[in-house]
Structure formats: C-alpha cells, structure tokens
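Each chain carries a letter (A, B, C, D, E and F) given by its place in the written order, and its residues are counted from 1.
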Amino acid sequence: MGEFTHFDQNGNAVMVDVTAKEETERTAVAEGSIRVSREVFDAIVNHTAAKGDVLGTARVAGIMAAKRTPELIPMCHPLMLTKVAVDFEPEEETLLVKCRCTAKLKGRTGVEMEALTGVSVALLTVYDMCKALDKRMMISGIRLVEKTGGKSGHFVNPDLSL
Amino acid sequence: MGEFTHFDQNGNAVMVDVTAKEETERTAVAEGSIRVSREVFDAIVNHTAAKGDVLGTARVAGIMAAKRTPELIPMCHPLMLTKVAVDFEPEEETLLVKCRCTAKLKGRTGVEMEALTGVSVALLTVYDMCKALDKRMMISGIRLVEKTGGKSGHFVNPDLSL
Amino acid sequence: MGEFTHFDQNGNAVMVDVTAKEETERTAVAEGSIRVSREVFDAIVNHTAAKGDVLGTARVAGIMAAKRTPELIPMCHPLMLTKVAVDFEPEEETLLVKCRCTAKLKGRTGVEMEALTGVSVALLTVYDMCKALDKRMMISGIRLVEKTGGKSGHFVNPDLSL
Amino acid sequence: MGEFTHFDQNGNAVMVDVTAKEETERTAVAEGSIRVSREVFDAIVNHTAAKGDVLGTARVAGIMAAKRTPELIPMCHPLMLTKVAVDFEPEEETLLVKCRCTAKLKGRTGVEMEALTGVSVALLTVYDMCKALDKRMMISGIRLVEKTGGKSGHFVNPDLSL
Amino acid sequence: MGEFTHFDQNGNAVMVDVTAKEETERTAVAEGSIRVSREVFDAIVNHTAAKGDVLGTARVAGIMAAKRTPELIPMCHPLMLTKVAVDFEPEEETLLVKCRCTAKLKGRTGVEMEALTGVSVALLTVYDMCKALDKRMMISGIRLVEKTGGKSGHFVNPDLSL
Amino acid sequence: MGEFTHFDQNGNAVMVDVTAKEETERTAVAEGSIRVSREVFDAIVNHTAAKGDVLGTARVAGIMAAKRTPELIPMCHPLMLTKVAVDFEPEEETLLVKCRCTAKLKGRTGVEMEALTGVSVALLTVYDMCKALDKRMMISGIRLVEKTGGKSGHFVNPDLSL
C-alpha cells in the first residue's frame, strides 16, 4: 500500500531523496482539453490555417512551461528534459481542443509533472488568446496518459482507451 | 461580435496595447477540481487535520504561480496583484477536491488568467504530492467563475450556479 | 554633459531612483537583424508560409523576453509594459531577417531596454531554430530606433532613415 | 543537406529529442561588440580603472543570463553549464567594446545558445548602463566563434580570423 | 494588539488584500553582516582595490534579488521598486563585512522584504565567492533598520543606534 | 593556502570550470535562526499546532528557493538537487526559531549555497509572515553546519557542537 512520499515522518513537506535512484530513460504523456464555443473553434482553426496562430503560441508556451515545472511545483526535482512536444487536435463535433504533451529525459525521477504542466499552460494560453471572444471556455480532463521508465515501470492510464 | 485581440492585422501574436485603459479595481474568481481515489482523499483530509499538509503546500504553490502568470502565458501583461487567495473544499461524496482562486488588482487589465493559473498550479501540486498513491487523478472544470471591473463589466459564468 | 546615472558617488552600481519621476506614456522601438544563408532564408520563408513557424516562435520568445528585462539587465527597474509587439521582415536581396520590437507603458522609466531585449532574444531564437542548417549566422544592428515620453522627450536615432 | 530539427513532420515547433545522444564535453565561444561614442568609451574605461564598473556589472549579467538561456529561448534544452566566462576588450581605435563568452558542459546538447545569450545580455547591460550618455550605441557582430564536442565536431567560424 | 495578516479566518496563508491602500512613497533600509577570517577579509579588500571584485558582484546580486523578492517570499505582493542600492562596509577590527540595502517605491505596500532580501542575497554571494578560502563564515544581524511611508509610518529599529 | 577561485588571472568574476570534476554524492546542511518577540513566538507555535502555518509556508519557500540558487547567486553552477528538506525548531527559552536546510545531489559541485539559500529564504518568509506583529525580528547565525562529498571531503563546522 502506498504512502505519502512528500512528507517526512513529522508530516512536513519535503523534496524526496532520489539520490540513490538510477538514471533511466523516462517518458510521460499527459493530455487535457478546452471546450470552446463554435465561434472560438472556427477562429482557432481558421487562424491556424492562415497566419494568426493560437495553437502555435500555445505550443511554445506549453513547452516553455514544462521546462519550468520545478519552479512552479514546490516538491518537484529540478531535471533536464531531453524532449518536450505539445500537440493539439481540434475536434469539431465536440468543440473540444485536445492537447497532448510528451516529456522525456534520462534521469532519476519521472516527468509526469512536466507533461501535465505543459498541457495545463498550453490550454491556459488558448484560453487567454480567445477570452475576448468567450469567457465560458472550460479546461478539463487533464491527466496522465502513459508513463515509462523508473521503478514503477510502464503505466497506462486504465481510464483511457489509447 | 468579438474578434481576436491578440493578433495584429497580419495575424501575428501581439501583447495588446492597454496603455489607454483606465486603472480600475478588478477581481476574478476561478475554480477547478481534481478527482482523487478514496485512499488519496482520506490521506489529504487526514494529513490536513494533522500536520502533513498537501493543501497547505498547494495553496502556497497556487498563490506563487498566480504572481508569475505573465512569465507563463505569452501575451499576458505584467501586473501587480493586490490580493491572491487559494481555497480548497474536499467533497467527500464525489471525491473531488475543489479549488477556488481569487485575484485582485487596481490596474489596466483583467486578472482572469492569474486566477486560472493559480487554480491550475494548485491542483497540479495536489497531483504531485499524491501521485505516489494514485496516478489516475484527473483535473477538470477549470473555468472563470466571476469577474468584475474593466470595460466588460461584471461577468458571472452562466454555466455555474454560484 | 551627461554622466553615469547607474553609479553612486563612490562609483558603485545602483538602480537609480526614479520615485519622483512622473508617470507618463512612453514608447520605444528597437531593431536588429540576422544575416542568414540562402538555404536558411528559404527555409524560414517557406515554413512561415506553410506551418513550421520560425518567426512565429521567435516572436513569442521576443515578447516574453521583453517582459523579463528587469530580471536580465541588473540595473533596470521592474515595470509594467502595456504593449509589446515583435515584427520581422525577411529581406531577400540582402538575406537579412530584420526584426523590430515596440514596447510601451505608462510609467516612471523608459522602455528602451525592453525593446532592445525583445529584439535580441527574438533574433537569438531565429539562430537557435536554424542552427542545424548553418552556424555562421550573425546578429547585427541592434539599436534604438525611436523613443517617446519622459524627460528626454522624443528621440529619433539620427543614424537611421526612418 | 540540413533540415529543420526544431519542427516535427507537421511543421510544429518541438524541443528535439536528445535522449539518445551521448554525454560529451562541449564548449562554445561566441562574440559580439557594441559601438560607443568617445565619451562613453572613456567613461567605461576610466570607471573600470577606478571603481565604477560598467564591464564588471555586464560580466555578471552575461554569466547569469547564460545560465537562464533555456528560459529565454523556447526550444533550448535545460542543461547544466560547468563553466561560463565573459570577457571584454575595449578597442580604442574603433570605439568598439568587444565581448566574448565561453560556455562549457558535459552533456547531451551543445552550448552555442548559452554563449550567444551571454554575449547578448552582457552587451545589452553595457547599453543600459551608458544610455544616459548616448542612445546611439549599436550592438553588432554577435556570432559563434568556435564550438567543440558533439556529433558535429569542431566548428571554427570561417568568417573569423581567430 | 497585532494579529497575523497573512492568514484568513481559517488560518490559511493568503496574500493580503492591499487594493484599497493608497499609493504612497515608501522606503526601507535593512542591514546584515558576514563574519570572515582575516585571510578572506584581506582578499576581499585587496581585490576590491584592484580588479577582482567580490563586493561588486555581491552588490549586483543583491540588487537583482531585491527585484525578485515576490518570486521568493510566497505572500509578498509584486511591486515596482523605483530604487535599490546595496552598500558594503568592511570593518577591519571586527572582520565583519557589513551590508546595507535601501529599497524605495511609490506603491500600496512596504518594501521591507525587498531590502531584507537584497541584504541576504548580497551576503550569500560574498559567502559563495570566498568559500574556497574559508567555510566558517557566518551571516548575522539581518534586520530592518528603518522604514518610511504607509499606514504604520516611520519606523526606526530601536535596537540600533543609527 | 587557498586562493579565489571565482576570479580569473585578471581578477574578473567567472563561473569556475568544474567540467573535469567527478560526479559524486554530495550533501550540505546549513542552519540559521530568527529571534522573535514572545508574542510572535506564541503566534507561530499556536498557529502551527492549529491550522495557520507560518512554518509550513516558510518550509515551502525555503525548498523552492534552494532550487533557484543558481539564479540568485551569480557564480553558482546550475545543478540538479536530488533532495531538499527544511526543518524548524522553535526554542522557547531563547525565543529563537531555528531553521536547518539539508541539500543533496549527485554532481560535480557542492551544494553549500543551496542549503544556505534555503535557510535564508525560509527565515525571510517567517519575517514576512510575522512582520505585522513585530518589525524588530533579527535573522542570525546563518552558516554551514556540515558538508560531505567532493574533493574537500567531509567538513564539520568547528564552531558548532553538533
């Protein structure tokens, strides 16, 4: 049975010791989406096709944020990502703009938080760039899709049909 | 009818000019939640009651992240928040940990993104601190609840029963 | 005759006192360029027309860097930019990619450094994204084009034919 | 023939995967200069000899900026520099203040961008600290001088007579 | 009788609301010192007289850190310093290197934390730059010297003979 | 006999070359304290026991600051901490709140500065959160307690009775 690893025996927050962990190749994929209005959906898709580039800007924001995860999440270890990618899939029937972030490194600790942070900030950027059109957009479904490497091995989120 | 304000006439991303806007008092409230397992829920609630403090750490993370919003969201204006608060409400029947962030300032631009960023990072921190117990947690429902001040006036999200 | 304002009477670096300065509207425009090979030039221009977007990414980087100027330049005052824009003009005959950054605020201190930093980081980003093709690219001509507001009034760089 | 490595097959910006690259010792040297007026030149040189230290401050700024390159340049990998040095050479006959930055690490990716960023911010700092005397200063000639380590091996910029 | 202002009625940390506070001119002066060995003391003093500049580097570090106070201290409001200065006084008889930081702004909240952070980071930088010579150095006496502006008015630390 | 390692032969500040150093496990422990009034002491202790959590917030701040040491201390190498912990011990008889920070990594350079920075920022946060009650608090005794790993081996501060 699991137990909190971010608290010491007195219940205080701590950045857990990973010194003794092996350097292995680790990847994590996270996803999430933003539900937008028809108007916003069209604007995003058309601007992308043209030049105005909501998703291009959000992709850059997500990649940059993934790198800064340890500055944002208090107990995250600093680490050296060897890859980050952020992709979008606007889904017309549901008016969802889906986002997926992949993070990778060779290191002592997993990169779930980096992938989740990349998705979150990319979607927040979509919100920011479209909020003049609609303030009711909602970000949902942010979760880990898959994870490889490290002691806990290959994790595939059972809630998802990959 | 609205139009993109983050792009110039060539469709390029731009930080919109707010120089001429008046300094008014502005507030924004955003919310979101993380769905956790029973095990995680109990651990969060009990540690909070005792000393280990997932929500206390997440609150600090959310407040600090709200202040750094302009570093994360490319087209956000730098601004000087005069208040940030982050609150949690663990809801036993749904196993949702709800989070709400309030941001406030006297300035030329709204603080929606600050409130939304505060909520997002607070919830990511909950994920981080509990992920040893469960990796299936999902963050959802991140949206603007309410907004006052500025040209667009009082906005209450019609999707919510406040 | 001018004198150093960043040093006190002992010659020590200091962030000069601008408390008593009036809040006025201030703008600054800076420019610079990167000289690239024909191969890089075509790749930049064609990717822009299609989807790969060197200049789009560099624009975002420049805007974000302008906001972080006081973190980079030791004696710069923190300030709240009310507008930043970064534009590029690829010039086929010279194989120069020209960049211009405009910064604006209502405040107590000028925004030259913000405009210059925006140009510099935008051009460095172009370098980064094309360096697999060519490492001989050179960044030049980074200078202030124009400046308005503040005690020193309207400055137009006499070296430039605007 | 080279191709863009910062874009995936859809032309989207991506932080390229360097996970499989070997950790080797890598160095990069970059240079650039700022052209100043006679008045500024003398002030810089004399203050350096005395106590006021434009170049000392710029050196610190350049070193600190080199470390923050991955925060500024969107697709740069986070990395752990093992050395950074910034040097200046004021050249009386041309009124150029030349700057050189050397960066070094043992890692999976080159440090060109770190050296180039160090030079750029060091020169911007010189501009900032002297701009009360002259706003016409121009930063030029920012380029890679030399690079060792990594797959591409030893690169010496053929445009330069080292 | 005072009460905690950083906690709401439930005892949760919060960035207190200063929206309604008036913008007034505020200053704060803080001090502290580092006790060094004779060897370090001489090295600092002599390098300062010559070119190697422990204190010049520490001054820049202190000024830059003061600007970043709201990123470091969780409940500090973001604010726009209009002046920061860091000064040192090496005191031969006690082998103390004394440091003083002055911060100033026109705003809604005091700048004590900025002055205290400037002193702390300046002294840590002295430690860093001399630690190859001696690891026993100790930083002490970090406190507020004086404070003006704001509701609480003029404060002079009664423990000090100014 | 020691000599400055942060300066090159011309006396200029430099980030020393550690490329050739071996990656070894390194730890550092630093301590410091803040002297508070009886009123503040009781408030800290009681709020900790209840829910308001000065020390919990300060602990998070200290851990986050330790990770950002290379951004604050100019000549510090970027590094990847594998553990950080911050602990407090309020000492009733002396009205001192003692703080200890432990940092750890497997790398080429020591982590003294990380431990010292963690302590400093944790104590500054205590100051910030209690300053409405008392502005006379003083931070003292910041020093290295112990250090292991690296060329210089095991260091125990002889001024301390561990």
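Please note the rule applied: a contact is a pair of C-beta atoms (placed from the backbone, for glycine too) under 8 Å apart; a residue touches a chain by one contact, two chains touch by 3 or more.
The shown structure was predicted, so the numbers you read here are calculated from the model rather than taken from an experiment.
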item	value
Chains in simultaneous contact with subunit A and subunit D	C, F
Interface copy of B-F among D-E, B-E or A-D, judged by whether over half of the contact pairs recur	D-E
Same-residue or different-residue interface between subunit D and subunit E, half as cut-off	same
Contact-richer chain pair [A-F vs C-D]	C-D
From subunit A, the most remote chain by mean C-alpha position	E
Inter-chain centre distance, subunit B versus subunit C - centres from mean C-alpha coordinates, in Å	31
Chain centre separation (subunit A, subunit B; CA means) in Å	16
Residues within subunit C bordering two or more other chains	12-13, 53, 56-57, 60-61, 64, 68, 71, 74-75, 79-80
Touching pairs - complete list by chain label	A-B, A-C, A-D, A-F, B-C, B-E, B-F, C-D, C-E, D-E, D-F, E-F
Residue ranges of subunit C touching subunit B (in the complex, touch as defined)	25, 56, 59-60, 63-64, 67-68, 79-85, 87, 104-106
Partner subunit B, residues of subunit A touching it in the complex	2-7, 10-13, 32, 39, 43, 47, 50-54, 56-57, 60-61, 64-65, 68, 71-76, 112-113, 116-117, 120-121, 124-125, 127-144, 147, 155, 157-159
Footprint of subunit A on subunit C - complex, ascending	53, 56-57, 60-61, 64
In the complex, subunit E residues that touch subunit B	8, 12-19, 21, 70-71, 74-75, 77-80, 107-108
